[in-house]
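Single-structure report; data block below.
To keep things simple, chains are lettered A, B, C and D as they appear, and every chain counts its residues starting from 1.
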């Protein structure tokens, strides 16, 4: 990331600052001090940490570096709430984040208010660099909003009592999924990546040409019902559909269903922010790893006469003309969950390309031709994660509305699945 | 353990019940919901867990089993707060205890009140078996009081901010330790173990004869000052003084001082319930493992012309005539810590045999001749831990006053040191 | 892989069979029964295993499946010497391969002879499918020849006595490396992958168009002298040049130099098949991981004003016109090692694109557009490894001459470095 | 250990030296170079290592230290073949012993001959200290003879082909076990440990009084048939009979029978030095851990109205008058195995106290009152292992005849069971 051409005025940025910061605090509202303190695995962080780390970002890169008279809320926080910025000095070990009962949730909410007040004062006199960092900080905070929700979901799933983050509205979902149509994509050379005005992370640049072979994309993502077919057809029972690393993972971790699924006498249940609920067949499957997505595609390839994961470029070219801020994305604190895809508004016939579930692609997360990491501490942000991970596109129901772009590159290791991850198939034509 | 001959009336027991239960709640008073939720290592438990598990004990073995109309506070608690009683059914994995943010601290304090109220009602009509279990439950809870304090200390030590559980009174300690005298013990056959009236755990029985070779016991425990001599003389730097397993532990864990010690420009500091404070040379060393105690004894053997760990029988015979409820033991919530030994009141010249620090013995924790485990679920309590552990005697500053006996057998693995563990040397004569 | 269009007659194939099989046996000649039995890590296999597994391949897929009267040499061998062909049934755990002292080396050489004799008899009457499998088996065996050498090297490196596989000829190497020139590559659309006649593994297909941005390739690979500059400039001492996973690997494994390097009073030494020898500054660096290659490229990018890893497509397009069977490749059992690059014979100015050291690319090992795995057990060969690994090109001094192609895709995990791995830099222009 | 009062003349010692050294070589005779090189787990060592380490002992502590003109066979061997003598300097990591294909078996047999020849020359002029060390070295080598056999057995058990070390004589064993009689022991004070003339390890000293409560010892060890009853009665299926650490071991390692047992359609089979053979019901059970022995005793206590493990002192007092060199012990290289106990020759009615299987006691391996470790490097031998292990008594079918004494203290961790370990029950009376 780094300073992008600024499209927003300081005033507009401040308005967005208030909205984004307010949503984060609202997301933490249902949480007790204890809820917000715990860390359920090394991949996740405590909610308190998300609240504080996002504030530390503004405090460090703007207030400390770009204002003259700011005094830190607490000098110890830089050590506690730095994440992976090696250039910013030593930091608390990631796996130890969940052992910090103090400062309390209330103290960290006070820290947030302290930083917010200082930003309000400073906003009018920030230079362009600082405004760029402010915008960056908001996008950074939106990423942590999604993680806060998925980390809390993971934490609550470890509690045998399966607590409810927030009850869901009782809305009867449609009971059948749309049929899959295969939407033909444009072969040949097409530009992908970010260019022009507007914010983007450094890894989305430079905009460059990609060459596509003839392909089609499925009109919707894979559903829970289809996933149960895969299970019942022995999808998890043998090596044949799996990448070698994936099969080792299945066996080592005794995987036999998506994360948060359990089966009882009444059938498959899934745990969510709204507690334990029946699996809805027509809803998109979520909380699957890349290994599972790939195995499903291999199974579907045999069963449906052609299927594979899309590449990042295929997905992005198809999404380029669609509204990135539409669909099922995060707008307020709620028991968010994927919903059944409805007929797409767009001419192309693709449902829910944005929102609902992140879509695994078959593309490794590697630098674009000509990529240069942004300078300085913030430049550590993306480039250094470019090994071993796969790209996901489109955002999910937990992605803050306004955060998404067609060029957005999310990335996770192939075994990770505590995000709202799903898949949309592609095929050669 | 199991029903011991009851020395106390139901009324006296109820009075003790109120005192013990009240102290536990008082110990938790300085803790926030988050403090009480965290588990810093698998050996430790969250304070909430201690509060609830001790209540579950009374609820299960007395209210459920020995009253007719009790209804459980919450049916899920049996799963969450059983510890290791296999006969009581499945239970929550020990290493997962720190992922339970709900029920909250307040809910568990309400659980305590619920159980206490029911015990108050039931106490008058309990039969002898139930009264025996009630007394057992109090001793059990006292054990957890000590663990609650040592577990919180361990948790706070993981926090880079080193929070203070409670500030200590500013009392200037004596600056010199008493000289060590070697107090001669009685060789020959002597009875040890528990017999007669009064409560004891099953592992203390039966009372039986032990045969002692001529020996002497040091008049006081080893001090911090002596430990620093050991460090400075290369005690941790080479294998020569160490048991083979101990040396592997030193190297594997990079051990170079007692737990909670750190060295800075002003010298050795130690973390305690009162925060980070200077190491007082005249105070007894604490938070050492059996491996360290044994290595120190080997070093002292060479340096002081004769030293070794005492056996359990030697210690117990020497302590038999002393007051078990004297000295530095736990009476109220406070920043408890070991204190400098003063001239012993007892004729024999042995300081602080009870209280201050647990004293490692060289005796493996194994059954006494003729030992039979108590029947039923509570019988799992002690016997099944009789491999790989060593006996400690005498209690510590964190042991509730009234809990200790000469025959008391505490036991830990040789690498464990988060209790207030220390040592008193013995020698052959 | 799978049956490729056959370019070779049965007679020619048989001649190649004799040559390839003979070379494998010759490579094992310096080894004792014990040498050939040991496995030094899970990534490696015993030499006996290589000898037997390659024979099992011919026995199973040709003699068992395509001849009528063959009887297996030993029915237990299928279990012992299957590698990862899930479809071929259960097999001995990879990590346990080094615990099989029997059958002995002599028995396995007899097994080889038994299979060879049967192939000689059968060769004349094999159908096209079987001949395709025979050719496949030879390429498969050539891969194991390279592994046999690198696995023995790794094994001998674990022995404190550092035994010599074979003494090297005492040839004085040139003492200076060629200067690096930046050879401009052709931007635009170019075909890569395998097409037309001749053997290739399935992962090299289909031939397809790739789009290249303007770039240049270094005329030679990075040398030991340049690597020492990287070391001395703190290359391994801080996170700045490293991928995040790479830095974790450096710290976790205490990496501070290429594999097999050690420093003594006379400077850097490296262990090789010829024993411990001084590092020659002008020789290509080898036994580096992708993480190290990437970190070096980041360092060189800062120091040399532009450097990065090449992509697979860039490398392949540049190599397309070069002789794939030239340079320093394996022809006979010898103490093979990389050699100093000399002026390239080719017009383009690129030294040692084939042979000497495998060249890491920045391309993840993923399927080509339109890729379909070969059918049946042999189809498991390549496709299932397409996650988490990176592509290497060009072969090494341990690659059997005749095995290499521009389209050849070797692949390893980014931390692996016991192969003869090196790097050639590229840059954007 | 250390120099014990010498009972044997130099001539007698030399005769014993030849016999012991010859037996070791004979035990290695059925092994190939590869067999002798492998290490199947960290607890075990390669046969080559046993051959060399025992020679290194004589070379170092006698030839180097007590002769004037000896030159080492190979200066590297001190590093390779030192075991745990910290005082003798750095040594090869235990877990890496199995990666040393060179020196070869033949070279190490030559090393043995070289040392033997030097001892023959030196024997006549050794002083008393050296003769003491020579005797010590022979007892040390006898220990390694037993380990060589049990380590080879463990290694061969890892090979799916289950190779035979040596075929057994086909002798039909008796098909019924003797009835168990409970032989009453003498309560009161009795001396145990080694005193007087003759060799013993330091840990057997000093001879001292032990106090025994009334007890009886079973006339024979537990049989395979009784063990199958335990299995079929759910012995391994629930926690009730197990020490807590033992139950964790059962679950963690999926233990459900003694080591080397497997069940097929024809019933229980056991692997031995004579290959896979049916379990003979009347034979003593062997290859059980202390945890299993203790669980069996708890089961038998419930079923047989009284049973527990004997203490070391009980066992030793009962064995004091018996012939230590009788019974089923190792005399020559053979497919040794436990045999069915026959009517005891001794008046007391105790079968097979010596030989057949090692008998687990319930006594922790701790120092005797007044114990002092021997001085110098050899003094590291026993004392430093005195934590976490249990004492076994009596020797086994793999113990060299002449090595055993009533005071002999063997010791292993409670989970270890690759030795010929069994149990004899005791009970309180």
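Simple rule for what comes next: contacts are C-beta pairs under 8 Å (C-beta built on N, C-alpha and C of every residue); 3 or more make two chains touch, one makes a residue touch a chain.
On a predicted model such as this, the values are computed, not experimentally measured, just so you know.
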Graph separation of chain B and chain C (steps between touching chains): 2
Whole-Å gap between the CA centroids of chain C and chain D: 47
Separation of mean Cα positions, chain D and chain A [Å, integer]: 60
Chain centre separation (chain A, chain C; CA means) in Å: 38
Shared-contact residues (touching 2 or more other chains) in chain C: none
Arrangement of touching chains [line / ring / star / complete / other]: ring
Interchain contacts (touch definition) - all pairs: A-B, A-C, B-D, C-D
Chain D to chain C touching residues, read off their complex: 32-38, 40, 76, 79-80, 92, 96, 98-105, 155, 158-161, 163
Residue ranges of chain B touching chain D (in the complex, touch as defined): 84, 86-87, 189, 208-211, 213, 238-240, 242-247, 290-291, 294, 362-364, 366-367, 369-370, 384-388, 390, 414, 428
